[in-house]
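Everything below concerns the one structure shown next.
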Amino acid sequence: MVNLAINLNGLILKNPVILASGTAGYGYEYDDFIDVNQLGGVSVKGTTLHNRAGNAYPRMAETPKGMLNAVGLQNKGIDYFIENIYPRLQEYDTTMILNASGSTIDDYVALCEKANELEHIPAIELNVSCPNVKEGGMAFGVSCAGVSEVVKEVRKVYHKHLMVKLSPNVTDIVEIAKAAEAEGADSLSLINTLLGMAINAETQRPVLSTITGGLSGPAIKPVALRMVWQVSNAVNIPIVGMGGIMNTTDAIEFFLAGASAIQIGTANFINPQVSIEIINGIEDYLKKYNYTDIQQIIGKLKTT
Amino acid sequence: MTKTVAKLSISEHKRVNDDHFILTLKKDGVFPEIKPGQFVNVLVEDTDVFLRRPFSIHDADTKQQSFSLLIKAVGKGTKSLQSKKVGDTLDVLFPLGNGYSLQENNKVLLVGGGFGIAPLYYLAKQLKDKVEDIHLLVGARSAKHILLTEKFDGLATVHITTEDESLGEKGYVTNHSILEDDFDKIYTCGPHPMTKALALYALNREISCEVSLENMMACGYGVCLCCVAETKTHENVTTCLQGPVFNAKELQW
Amino acid sequence: MVNLAINLNGLILKNPVILASGTAGYGYEYDDFIDVNQLGGVSVKGTTLHNRAGNAYPRMAETPKGMLNAVGLQNKGIDYFIENIYPRLQEYDTTMILNASGSTIDDYVALCEKANELEHIPAIELNVSCPNVKEGGMAFGVSCAGVSEVVKEVRKVYHKHLMVKLSPNVTDIVEIAKAAEAEGADSLSLINTLLGMAINAETQRPVLSTITGGLSGPAIKPVALRMVWQVSNAVNIPIVGMGGIMNTTDAIEFFLAGASAIQIGTANFINPQVSIEIINGIEDYLKKYNYTDIQQIIGKLKTT
Amino acid sequence: MTKTVAKLSISEHKRVNDDHFILTLKKDGVFPEIKPGQFVNVLVEDTDVFLRRPFSIHDADTKQQSFSLLIKAVGKGTKSLQSKKVGDTLDVLFPLGNGYSLQENNKVLLVGGGFGIAPLYYLAKQLKDKVEDIHLLVGARSAKHILLTEKFDGLATVHITTEDESLGEKGYVTNHSILEDDFDKIYTCGPHPMTKALALYALNREISCEVSLENMMACGYGVCLCCVAETKTHENVTTCLQGPVFNAKELQW
């Protein structure tokens, strides 16, 4: 038997595979395709203090082995979430993570205070890295000072597992990661999307209503792997890796680079069952190489 | 309405004209109920295609456990599908979306533009028993761009407009004289300018009107929020899950 | 007739298509495939003051719609170049650009002083953005202070066209671009490769001898386009755009985003004739839309 | 030696065993001179393949204007090539690299490991008139992994090693008794551990030895500097342009 359970600095996941925020919906949209209870976790759609309509259509552009999105954190706000969505989430036996965004420190704090009361949600993923709205947190996420400030204030009111989601649009992700760790983050998740752009050469217009958007999918995997590797060598809290994971092999690469768990984002759009296939694939990989615990490959990249 | 993702084999590949073709797909085992106006999301395994491609269900046959798609080859993905052969398999997510509502009515009008005619055939078949008098209005640049109207023989009275007057009345569907008739309901699907004009026409005349949208999609099952349309109340709703069919009066035009 | 010639702030190119450094060799390697004289220009292999053996093999990893390289500026140094390679380059009737790298300011200055004497080379592309060697200039290229310092010192000794090649591995490429402009750069070229990594899940080892490497190819096009767009809106000197250009459509997108010329890199490996195909394709595009001069589409992205 | 990039049609597709096959490609118009040890770089138009894939030239026929490749299906690109059909076209860059030198000699040994046997067939044919006595030594895990040795009938005396002793001598090529003979020259191609062992053996015995390397490549024509091998003088040389064939004594082993 192989142990896939992961203790993420106190947050227990039955296995290391989480649906990534913004691609997971609230989990229940996947009921037709998979048994959501088999997942390690679900990071639900980015939630803000107040209702947000999101950006104008079009919000999507296909790119080589990737896509740009400019959703802009469309959601009905935390109160609506608590009243209408949270009750449904309690029926699931998987780790539900609330992806939390804000435009001011006060917003983040107010949001996280409310999240702290949600019994069935043992963790928030603090999104300081959404590139698609002016107030999406990326302003915080791209400087050490910004990250320090948000994490510090949120830490005061949020007493459960605080995962901080980092932006890849920075010169040195290691210093940002260290700043989050220093202010009390329990874990780090990375990477959010890379800021990109698409143009329609026929209409001579940007494809997205917002001109620029967030790049995700296999195209960004090399950058994501590099950042997970760099950060895992620099901090002592666990890392949740993501960015372009499409199959088991990709997932294993992230574990070797130092991720204790992974998130599946864009790949769900290509195959809504891929998360379960990857869980099974990880088990097969571990068996094939005679491991008994997923822990045995985490960070075990051989570099000599 | 349970969605599935399945590998379906192509049982028929029919050329309509140079750039239009119909693929019929068969599914073994459980076959889901399919409503007109619903669509599928197809994985195209080609170098330059990443996301799935959505297509309306053109026809469905529960007994045969099959359904068909009417596809226009416009770009990388659709051209790759055009080159597929009978016996090849496609990975398909279906059925998706809400579909048109199927009330009893006296006289209804179906309006299609471009490949927007695709869902109207299955719709007409399903309305047959419920509606006294079904009319189909289609428009195109010229006669040779008018597709498949013969399929509607016995289902609907067909009206045509062409911009060059090579068939039917001259002009756009929105000028056709049949619009002066009294209809209980209009069902439409097609490019945005056309559906918009029709929606406004219907709203103006207070005719109930259902519009199917063709917004760009990433997932097709309501999680990415990329495919949204704006409602009258300035909310963004997903066209893949809450649509693609909307009551014209609910949307912001 | 359509005019494809470009005046790049004094540097005249017969058309806006340049072979990118590190993928162009010295131009003559393409003689079998194309008429090199039909190109707008060739940016020759990154050259340093002294001989460099480069990094150990393996230096390459294929990634989704892209590749990582870790060549590490292998070249025989400027003196060898002047003696053995430069004479051959004089036979070509295209704009030869010397891609110049260094590990210290003194190196850059010494190199550019020598380059200043080369009659047939009217421009250098100052590479302050090579991610593959500790001393590859990326240390300079990722801070405003670093870029300012290098450009300022080089500007004193180099009197011809000074193109500065920017790194995408930064939080804010606009401020870096402005720093280069302020110190006298005549044009900017972007982007160099994104820092990435590849892992072999079977051997559990990095694919590259250097662990991390530079990501190029279509995968990075959305990021490159975004940066070209941002920078072109912020500076007054012309921009040479690159990153994942594979065909005419990609090229047009870069012009619309604000690039006055483009470079073709990784695409050459897939099709060594692609540069000529793109030159012809640009001409066809301009004719199709009734333009008479390439200038008419540069920066003409419609955003309203 | 002019390189070209051309679309070539597959004139023959021959299965060797489950994972080995031979593709024969035909070129109309000018046909370049091809030397044994040269290779081609093939564009594989498949979703997950980006760069070209290099293969040694297994045989060439100037009159027929064709050449063939012996390919082992090991991954995405080679599996995609395996599924190609006669009549399909491939975009190929060729001929690349320097090739083996073809001196007159009394007695030479050709050693192949895995698909390293690929270039040795064309080499043996070209050496036929120049060399008195040609020997071929191949090794594999067991008899069923020994490929195509029958092709060398009349060209070379074949020697075999298998790890399980199911054919020929037991062990590796580097232990085979034929190595005790006196050879004027050794030509070899195969996985690094094998070529290395042979190179060291030859250097030790002061036998002239040419080694063909299979380094990973991006361009194949000398511009990317990704495929380098290290020389005795610690210089990095391109295996695609300055190689793939090297005199064993010039390299750092």
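Every chain is named by a letter (A, B, C and D) in the order it is written, and numbering of its residues begins at 1.
Going forward, a residue touches a chain if its C-beta (ideal position, glycine included) is under 8 Å from a C-beta of that chain, and two chains touch if they have at least 3 such contacts.
On a predicted model such as this, the values are computed, not experimentally measured, just so you know.
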Required steps from subunit A to subunit D (each step between touching chains, minimum): 2
Whole-Å gap between the CA centroids of subunit C and subunit D: 36
Centre distance in Å when subunit A and subunit C are each reduced to the mean of their C-alpha atoms: 34
Distance between the centres, which are taken as Cα means, of subunit C and subunit B, whole angstrom: 47
Where subunit C touches two or more other chains, by residue: 63-66, 217
Overlap residues in subunit D, where contacts from two or more other chains coincide: 49
Overall pattern in which the protein chains touch one another (line/ring/star/complete/other): ring
Complete list of chain pairs which touch one another: A-B, A-C, B-D, C-D
Subunit B contact footprint on subunit A (complex, rising order): 22-25, 29-30, 32-33, 45, 53-54, 56-60, 62-67, 69, 71, 74, 217, 266, 268-273
Subunit C partner contacts - residues on subunit D that touch it in the complex: 2-5, 43, 48-52, 91, 93, 215-230, 234-236, 241
Complex interface listing, subunit B residues touching subunit D: 45-47, 49
For the subunit A and subunit C complex, residues of the former touching the latter: 61, 63-66, 68, 142-143, 169-172, 194-199, 201, 203-206, 211-212, 215, 217-223, 225-226, 229, 244, 249, 252-253, 256-257, 285, 297, 300-303
